[in-house]
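What follows is a set of structures for review.
What follows is a pair of complexes built around chain A, which joins chain B in one and chain C in the other.
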Partner chain A sequence: MRNVWTIASREYRHYFLSPVAYIVAFLILMLAGTLFVFQIQRTQSYIYQGYYPPAPTAASSVINPTAFMMLFAAPALTMRLLSEEHRSGTIELLLTAPVKDWELVVGKWLGAFLYMLTVFVITLIIPIVLNRLVEPGIDVKATLAGYIGLILLTAAFLAIGTAFSAMFNNQFASFFATLIMIVILWWMAAWPANAIQNAASFFNYLHAYAHFDSMVKGSIALKDIVYFLSLTVIGLFVGTTAIEIRRWQ
Partner chain B sequence: MMAKKRSRKTTIKNYAYIALIVSGVALLASALFGLFKLVLFLDLYTLQNDQWVNTALYISLGMILVGLAVYALIVPEKVRDFFAGRQGRYGSNAAINLIAFFTIIVIANMWAYAAPVEDLDFTEDLQHTLAPETLDTLRLLREPVHAIAFYTQESTQIRDLLENMENSSNGKFDFEFVNPDTNPARALQYEVTSDRTIVLVMGDRRESVTYPTEQAIVNALMRLMNPGERIVYFLTGHGEHSLEATDEAGLSRLQSTLIGKNYVLRTLNLLAENRIPADAQALVIAGPTQTLSAEEVDLIAQYLEQGGSLILLSESPLSTGNTDQADPLAAYLAANWNIGLNNDIVIDPSLDQVLIAVSASYGDHPIVQNIQTTNTYYPVARSLTIGSETADVQTTTLVSTVNRAWGETNLAEIDQGYLQFNAGADTPGPLVLGAVSENPTTGGRVIVFGDSDFATDSLFDVYGNGNMIVNAIDYAAGQEEYITLTRSEPINRRLSDDVKQGTILILGAAFICLLPLLIVVGGVAAWLMRRAQG
Partner chain C sequence: MIRATGLTKDYGSRRAIENLTFEANQGEIVGFLGPNGAGKTTTMRILTGFMPPTYGTAQVAGFDIIEESMEVRRRVGYLPETVPLYPDMTVYGYLKFMADLRHLPNADDMIDEALELVGMTERADGYISNLSKGMRQRVGLAQALLHKPEVLILDEPTIGLDPAQVVEVRNIIREIGKQRTVMLSTHILSEAQQICDRVLILNRGRIVAEDTPENLQARLMGAERALLTVRGDSDGLAALLAKVKGVKNVNARPDGGVEFQFEPGMDVRPEVARQTIQAGYDLLELRLLGLSLEEIFLELTRDSKISR
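The block that comes next holds the complex of A and B.
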């Protein structure tokens, strides 16, 4: 476990020196901030015209845009994790060090996950400010559920990225493989459900967005949690197996 | 002896490959049967009896194992060599680990999907929690109810609701989603004609819900549990819209929807029958082009006094050409039920086509409860006048137009396209398009609309039109909501009045400029530090 922590904290610190991490944080905060201000402005202009629409929520102004950005942020943050080690040859050093394969993979993933948590903590300022602007305040519990969904989703997407990073030497191959995988899960997994009636519930279950969306709407189901944790564990396991296979090849 | 045995052993080993061939052929057969099974599963091909495919698949899978086992028995050393090799050992380890791991993941997800664990409602106003009345109704279910949700695109909201209901029903309630586009036979079987319909099946009885909400589903369940024939008569003989006709002026869409809700629909010719049958829960007069006779109106009056219900979809005499005929029904309704029928045509400037009246506001009544946010459209309508309230009749406006609309009384103006409100002659807006009167003592109910076209096939599916007429018939037949859910209203969250343009400018400066800028500064600082460190 200590090895996991050592690798994770090294990776975490590394992100603060990496331009990709700053670009990710910048884009997330820029998008969420812009949408937040735009929604407040639009609602205010409706009030000015005599309409009284519901106030923007934490989900619409920060959680949903951040989740959307994760589609691109997860491949960008993880593409380097193990691919870089393969390319530069430092993986040999890591593999001969007294570190188990799973510790290496989990440590790398945890570093990226902690980095994203840090960015999410910064985004919390938006719901806090929004709470002051809305009467009688935002739905704090629903916001919490939304953030839980966002955290689970991030864990899963980063694990998928870590797995592809362990498979490919090339960072861009890792980036695009992760992006395609996430886009399929996020948008396309439920498409066959309409065509194949017999397996509709199977394909609907695969659809990551549906699981995330129900959490954002304030309903936390066991199946949603198990779904995202499963994706995370699958990612880490496949990543570990990929490293193992490289070892004996 | 030894030599003989050795030679026999050698002979068997020479033929070990046959076991592998058997396995290989079985593997090929399994793949083919598996593929065929997939084709069947995907509904690309249908078989009368697909049992034999399963049997063949099992036999071929069994043959693979038998072949491998025989091979391993005959030449154990070769198998050992295969697994003991470095690649083989690692490869098989990895394969077994992956298979075991994925099996566990699949089982965990299947368990989580089916586990009867209630979802946690993380909203302050408990929007995902079933109302106590829903829980009571589910607890009261004696027979299992199967809900079939016909949705071309599955709704997560409805799935959550149905899942919640299933979890709280003690196994008495379950559901499935069916896409009516890809499975038209099922839709036809349950007489489903519109998307987003839920059919509840209990034994051989069923109820369809065309506007699925928790309230609507609970009431459909209540109706399923309390069966009884609901007979509605449609008056004929005065040029009314035909129930069966499938042309634009027909009422076939209304008919199929009502049959789906377990109604029995009959036609009634008052001149021939000379009475309104005692089993009539409601009488519908859908767009008569001729006026009713005084005798017919007397029969209707008697029926209403005994607690009957009438739905009149009236047409303006200006459009039917009956301006010079007295209308005994209109006189009776104005005198006894506070609803006057004006001899005008509604001109509504809301749309470019000013002859189509549009609902601008709805009253507070069960009939219009679920269409408050949906428009309804009434082409070439007449307006109604609500009389002063009398002690024994309560009248409620159901739907009215915008203030700018007026009731044009001069047909020539309409024909010439020269439309103008003439104070004194025309009826000033806002105009009442539909109203309901009830007599609490007798239980009699009268629902009047100043238009009949809105309920015909050409307009039935337009926005809330179909719901308006179906709700009206439900109410007239005493099938209004059995229970009203005592759910807490969602908390109304509004932007504070303190938020002014200045606040928005500050927010913009902070969130669009300052915060992202801080990140950029951090990034540049990190880059400089890295460069300094080399």
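The block that comes next holds the complex of A and C.
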């Protein structure tokens, strides 16, 4: 476990030197901030006109747009994790150090995950401000469930990215493979459900958006948590296996 | 201590090394010598646990490289051919990272020691990206020495260094080799000759010779060679020498010297000198030519003439 932490903390610090990480943080915070301001203004103007529309929520201003951004942020943040080590030859250092393959993969993933958590902490400003603007305050339980959903989704997407990064030397290959995989899970996983009735529940279960959306709506169900945690574990397992297979080649 | 038995590695259908069996003992510096693609790096990668062999096995520092890889890795210091550095880190930060991965108890002291050994103490806070190639090589070496490993495996440790640095690094290696096991690869023959106690010559994945540099020389010399130089014109000298009893393979060199061979134990030099002077030449030099490791190497890697 100590090795996981050593690798994660190096990776975490590396993000603060990386333009890609700053761009990701900038885009997420800018999108969330802009949407938030826009929604507040729109609600305000409705109120001047005498309507009382539903107040903006943390889900609509922060959690949903951030989850959408994660489709691109996860591949961008993970693409170099192991690809770069292979390309530059530093993988030889890590694979001949007394570090288990899984510790390396989990450490890399954890570094990226902690970086995203840091960005998410900054976004908390919005629900906090929103809480003061609306009466009788925001729905804390739903906001919390939404954030948990966002965090679980991020863990899973980053694990998928880490797995592809372990497979490719080329960062772009890793980026696009991750993006395609995530897009399939997010949008398309449930499509075959209509066509293949027998396996409908299976394809519906694969659909990442459905699990996330149900959490954003305030329900914390075991099946949704299990879904994202399984994706994370599978991603990290595949990444570790990829490293092991590459040793043999 | 390194003990390899029948190491074989296939990359797909290409066999990189075949049935390598060798030993390196404590307090010994063993050199892997061979042209590019001979299998030096592959062998070192197997010994360090980077990749498993296809067949065969090895023990490093008393542990099996496959079954007890973690134990081996704890006891081995490895400098790969492409020095594995993170340019975004400082020299200290990089060594601290490695010290943490190796769970070194008094990391700072060990980092100081390693930096001192490679002469990089003053650059500890500098970023690796700003270092010259020679300095990077030394940081890589510091990383390999950091945990005072029992076995040190160095892949082309002096490549890219300037002559003064080469001397320094060789001295460091020699110093370490007194107590530990060092295995290094090189294609610089004089380097192997200077610092290795024993040399393994590798060609196309096989060991074609294994001995001390001195013995290798002796073994390959089927005949003694000597060079004769006279002042001025040496015309006719070759013909004269050819008539001397015991002299073989006379060869007039373009620079005016004449090379010849004779059976070991039948020294013809006194007779050659007499004849040369009697014929009216001014004798300047008459000396034996040793076979350099360079020549041995070319000889061996050309057609794998010597078997072990």
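Simple rule for what comes next: the second predicted complex is superposed on the first by the 249 of 249 C-alpha atoms of A that agree within 3 Å, B and C clash if a C-alpha of one lies under 4 Å from a C-alpha of the other, contacts with A are read in each partner's own complex, and residues count from 1 in each chain.
Please note the rule applied: a contact is a pair of C-beta atoms (placed from the backbone, for glycine too) under 8 Å apart; a residue touches a chain by one contact, two chains touch by 3 or more.
Everything numeric in this text was worked out from a predicted model, so none of it was measured.
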item: Overlay on chain A: chain C relative to chain B, clash or fit; value: fit
item: Which superposed partner A:89 touches (first chain B, second chain C, both, neither); value: second
item: Vertex chain A; arms to chain B and chain C (CA centroids, nearest 10 degrees); value: 150
item: First, second, both or neither for A:2, with chain B first and chain C second; value: second
item: Chain B versus chain C as contact partner of A:227, first or second or both or neither; value: first
item: Partner chain(s) touched by A:98 [first = chain B, second = chain C, both, neither]; value: second
item: If touched residues of chain A are counted for chain B and for chain C, the larger one; value: B
item: Chain B versus chain C as contact partner of A:248, first or second or both or neither; value: both
item: First, second, both or neither for A:138, with chain B first and chain C second; value: first
item: Which of chain B and chain C A:14 touches, first, second, both or neither; value: second
item: Per-pair minimum CA distance [chain C against chain B, superposed on A] in Å; value: 5
item: Residues of chain A at both interfaces, chain B in one complex, chain C in the other; value: 17, 248
item: Residue ranges of chain A in contact with chain C within the complex; value: 2-3, 6-7, 10, 14, 17, 88-100, 247-249
item: Complex contacts: residues of chain B adjacent to chain A; value: 41-43, 86-87, 90, 94, 97-98, 101-102, 105, 108-109, 111-113, 115, 117, 119-125, 127-128, 152-154, 156, 160, 177-179, 181-183, 491-501, 503-504, 507-508, 510-512, 515-516, 519-520, 522-523, 526-527, 529-530
item: Contact footprint of chain A on chain C as seen in their complex; value: 11, 45, 48-52, 70, 73-74, 76, 78, 80, 82, 84-86, 88, 97-98, 100-103, 143
item: Chain A residues touching chain B - in the complex, by the definition given at the top; value: 16-19, 22-23, 25-26, 29-30, 32-34, 36-37, 40-41, 43-44, 47, 52, 54-57, 122, 125-126, 129, 133-142, 144-145, 190, 193-201, 204-205, 210, 213-215, 217-223, 225-227, 230, 233-234, 237-238, 241, 244-245, 248
